[in-house]
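In the two assemblies presented below, chain A is common to both, partnered first by chain B and then by chain C.
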Partner chain A sequence: MNSSGHNPSVPLQQMSVIKRRLTYMMVLVFITFPFIYLKVNPLEILTAYPSIVSFFGENFFPPDFSGFKNYVPLIIETLLFAVVGTYISAILAFILGLAMSENINPIALVRWLVRTFSSLVRNIPVLVWASLLVYIFGIGSMVGLLALILATLGFLTRSYAETIDDIADTKLEALKANGASPIQVIVNGLMPEFIPSWVNWTLFSFEINIRASAILGMVGAGGIGIMIQTNIRLFKYQEALALIITLVILILLTEFAVTKIRKAIL
Partner chain B sequence: MERKIQLTDSKSLLRKILMGAGSLVLFSASVLLLNLDLATFVSRAKEAGSVLQHFLQLDLTDLAEIMSELFLSVTIAFAALIGGTLFSLIFAVFGAENITPHRYLSYFIKGFISIIRAIPSLVWILMIVASMGFGTISGLIGLIFPTVGYLGKSFISSIEEVPEDVIEAMKATGASKIQIITEGVFPCVSNMFLSWIAIRVESNVAESISLGIVGAGGIGTLLTRAIGSYDYPKISTIILMIFVTMLALEIVVNRIKTVTK
Partner chain C sequence: MKGPLLKITNLSKRYDGNKIALKNITLEIQPKEFVVIIGPSGAGKSTLIRCLNQLVKPSEGEIIFDGEDISKAKGKKLRQLRGKIGMIFQHYNLISRTNVLKNVLNGKLGSVPFWVSTFGLYSQEDRLQAYNLLKTVGLQDSLYQQAKDLSGGQMQRVGICRALMQEPSLILADEPIASLDPKSSEVVMDYLKKVTEERDLTCIVNLHQVEVAKKYATRIIGVREGEIVFDGTSEELSEDIIKNIYHLPEKKQEVILPVPGFVAEGEAVYE
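This part shows the complex of A and B:
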């Protein structure tokens, strides 16, 4: 492949030169197009960082923890929202997952309906859902809870249905052949196999729900998120930073605890 | 002559009942402590039916505007993905423990990335908007942070999974540090990197749309405006277009994931 005879190097890649060049060209177009379309100079992004950092240093530092006593109820509220949201979405998603699974639910129409619903919930961003819910129901904690449930329901339903189908393919045939009733198949055949992944996914969605407290703020439902937003709007950056640090610690602790629980149970 | 054979022994049954009861108590206690505004919600829900009816129509007159704003959102998401990938690659090369120039640098980068990850994207965007004002660039920069948070961590863990023998063998042949990375490590992880990037496409587009709702431009801003002016058909059209875009992305990404596996 190398035309110059003086250089006996063996090319490492095995793709043909034309194909390789074509790929490079496509990648290059793909990379440059967004910046050309947005009329943004990539260097501008790089040069923006120092000014952001200095703005942070001047306005957000040092964090003002003087109101920390008032944060405690907010932290508790965030945790409570996450617990309730996780419970409801885990149970709903399990029922929907059963209804979506080909091996459990024989009615094709219902399966299709659930599949469409799950795809609709999953593929419309949570914040869009949240602003729609606020529009329909007004601001409030119920709307916040609904938004939290929707944040995890879509992907949980799909994951549960996939897991259930995996189990059903291999394990449930034998039970059915033994003459077990559908309920026995689910309770004695499916559940014991399913619980580990149920726990796993549920812990994962708890983590997401803690993070989503920022979204709760958007719909005025309470928790830490709303206070971060309010403080930034009021230019009280130092208090906002204190709240952000609190949220980060809460999220890191949750991550840590979830990993521990996962190791202990599974 | 009939005798019932117990399928589950009583000890594990007791454990199950206890766990069930425990989780029930936790749930009801949390619900009670939250003091949800259920009554107001129910009363509003009764009127919701008539509101929902308004949504059952589409308005295609502004389709061109909707499409161009949607395209803007998607482009911002991709630009942030490209920027974020670049930063993540740099972080990964210096942060993965098996190829880092110094162990403490690796710890530092990993800690930095986990802090970036812990801050929700919405908070990043609020902070960037506070310092730079609204606009495409601030949206783009705000979106780069969560991208780096996700890709940086994934890249590092992929590189750390590269078997030690590969690096060892290359060192033995006298390859330089850069050669080890470009010829030894990257070929091992490139498919995994591609699939991480593909997975991130979906979240980036979703977040770019959400960022518009906060006010940084794109389809989200259009949606907020339509909601503000009670333009039901337009709201439905925008949401339908968002859904179609996200669904198409999901299908493409799943394709890529199975191909790169």
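This part shows the complex of A and C:
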């Protein structure tokens, strides 16, 4: 050991001065460059707020709920889109998740196909799906549902497959050692272990879907979104606000319900 | 039964083509033996035990179990042979969100058709048998508890019942007590020894603790770097042989790491 009595200084980190300065520069560029490129004055953003607020106050208040009766079918439609879209994708995604899991499906080609398909549909936003499908099938409810299912399917397939792989790594080996057939391993081992994550992921995508299904109408794919769009275009701002409030309440209620269900099941 | 229950000839295992885990293991195990395999970490104990029921595919060699070559068996035949070999795991590997009774009944998976297991249509005899097994390990009051709510020792006792539910002729246990405290370890090992003796079963157990091995084994096998370096009784396992198995070097100079003398102004100071 060092017996000379000198106390060597111990730096807290190993970053060199040059590297540190470079990091600061990068952060600075990251913060300022977008404003310069977009030719936006950050001060203008701040000064715009008062006029936004006053425009909102003058035109949107008070909300006009007189036409509420007419929205009810649309609200139900929005809700049902999310419900049906979620459960159909949950079932399909479970099958695809099994097909994508290394521990369950030994055929590499099929796994690759499923993975490619799921990342493809997952990375296209739901509104893009909806506009695309409206273009192909025309305006209607079926299009909204299809768009939701596609987007959810991609997301759930990957989430399920990862969870399935985690479970299969350890627990299922025991059933294999018992002499269980692949179907028995899935039904008696995988499914019970999978339920908590299945509930969690599915409820999570339900929350996403209820928001998505509310805006689907804006591209003509059904639901409450179309009425909001129409009212704003016709300058019926007070009615639009009534719809927006209804929508917010709908979303808050589903979040509340989802939290309750989660607590009850897990 | 006449002859050995298990006849292993020239068994070798290479992982990913290069890493050699087992080298030319040749071994015979007679009915009713309680064999304990000991050896340092990475010696190949788990690999050996897992080759026996084909959870790990051997690279070479032959494993004759109950007169049939399990290393060549596939599909239904393999499942049928696995059904005769019970296995107990270090991490219990119970289905955690399934109750204790159903976990034990899972031992029957290899011998019931899939609709029986899927819809829980097990016969009353099977259910009674599971109940009786749980009673022998003192868990008759926990039938409907989910496995995840049990203690480690209780989980391992369920694991033993699941293996026995198969009505196996051979039981494999890969470090069944490595995750348990000494008291639970003793309970689990006592039960394992008791039930295998009562049923005339053959048992192969991997263990880290030499004293535990000596206490329960009728035969001890020492494995080092994929080879058998000892095969004998507890009495024959001397201190020197233990040292040889674990390859303890004579007395290696300890590496002395610098330790800060004191801490001044938040910085360690070496003297």
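Everything below uses one rule, namely that the second predicted complex is superposed on the first by the 244 of 266 C-alpha atoms of A that agree within 3 Å, B and C clash if a C-alpha of one lies under 4 Å from a C-alpha of the other, contacts with A are read in each partner's own complex, and residues count from 1 in each chain.
To be clear about the criterion, a contact is a pair of C-beta atoms (placed from the backbone, for glycine too) under 8 Å apart; a residue touches a chain by one contact, two chains touch by 3 or more.
Not measured: the values here are computed from a predicted model.
Enquirer: Just checking: does A:N188 make contact with chain B only, chain C only, both, or neither of them? Give me first, second, both or neither.
Expert: A:N188 sits against chain B and chain C alike.
Enquirer: Look at A:Y37 in the shared chain and tell me whether it touches chain B only, chain C only, both, or neither; answer first, second, both or neither.
Expert: first
Enquirer: Please indicate which partner A:A48 is in contact with in the superposed arrangement: first for chain B, second for chain C, both, or neither.
Expert: first
Enquirer: What is the contact status of A:L175 with respect to chain B (first) and chain C (second): first, second, both, or neither?
Expert: After superposition on chain A, A:L175 lies in contact with chain C alone.
Enquirer: If we overlay the two complexes on their shared chain A, which of chain B and chain C does A:L109 touch? Say first, second, both or neither.
Expert: The answer is neither, since A:L109 touches no partner chain.
Enquirer: Is it chain B or chain C that touches the larger share of residues in chain A?
Expert: Of chain B and chain C, more residues of chain A lie in contact with B.
Enquirer: Of the two partner chains, chain B (first) and chain C (second), which one does A:L132 touch, if any: first, second, both, or neither?
Expert: Once the two structures are laid over each other on A, A:L132 reaches chain B alone.
Enquirer: Going by the contact definition given at the top, which residues of chain A touch chain B in one complex and chain C in the other?
Expert: Of chain A, residues 188 contact chain B in one complex and chain C in the other.
Enquirer: Would you mind writing out the residues of chain C in touch with chain A in their complex?
Expert: 53, 55, 79-87, 89, 91, 93-98, 102, 106-111, 114, 117-118, 159, 162, 166, 258, 264, 267-271
Enquirer: Inside the complex, what are the residues of chain B that reach chain A?
Expert: Against chain A, the touching part of chain B is residues 7, 23, 26-27, 30-31, 33-38, 40-41, 44-45, 48, 51-52, 72, 75-76, 78-79, 82-83, 114-115, 118-123, 126-128, 130-132, 136-137, 140-141, 144, 183, 206-207, 209-210, 213-214, 220, 223-224, 227, 235, 239, 242-243, 246-247, 250.
Enquirer: What part of chain A is in contact with chain B in the complex they form?
Expert: By the definition above, chain A touches chain B via 12, 31, 33-35, 37-38, 40, 42, 44-45, 48-49, 51-52, 55-56, 59-60, 76-77, 80-81, 83-84, 87, 119-120, 122-128, 131-132, 135-138, 140-143, 145, 188, 211-215, 217-218, 225, 228-229, 232, 235, 237, 244, 247-248, 251-252, 255.
Enquirer: Chain C touches which residues of chain A in the complex?
Expert: 1-3, 5, 7-10, 170-171, 173-181, 183-184, 187-189, 192-193, 195-196
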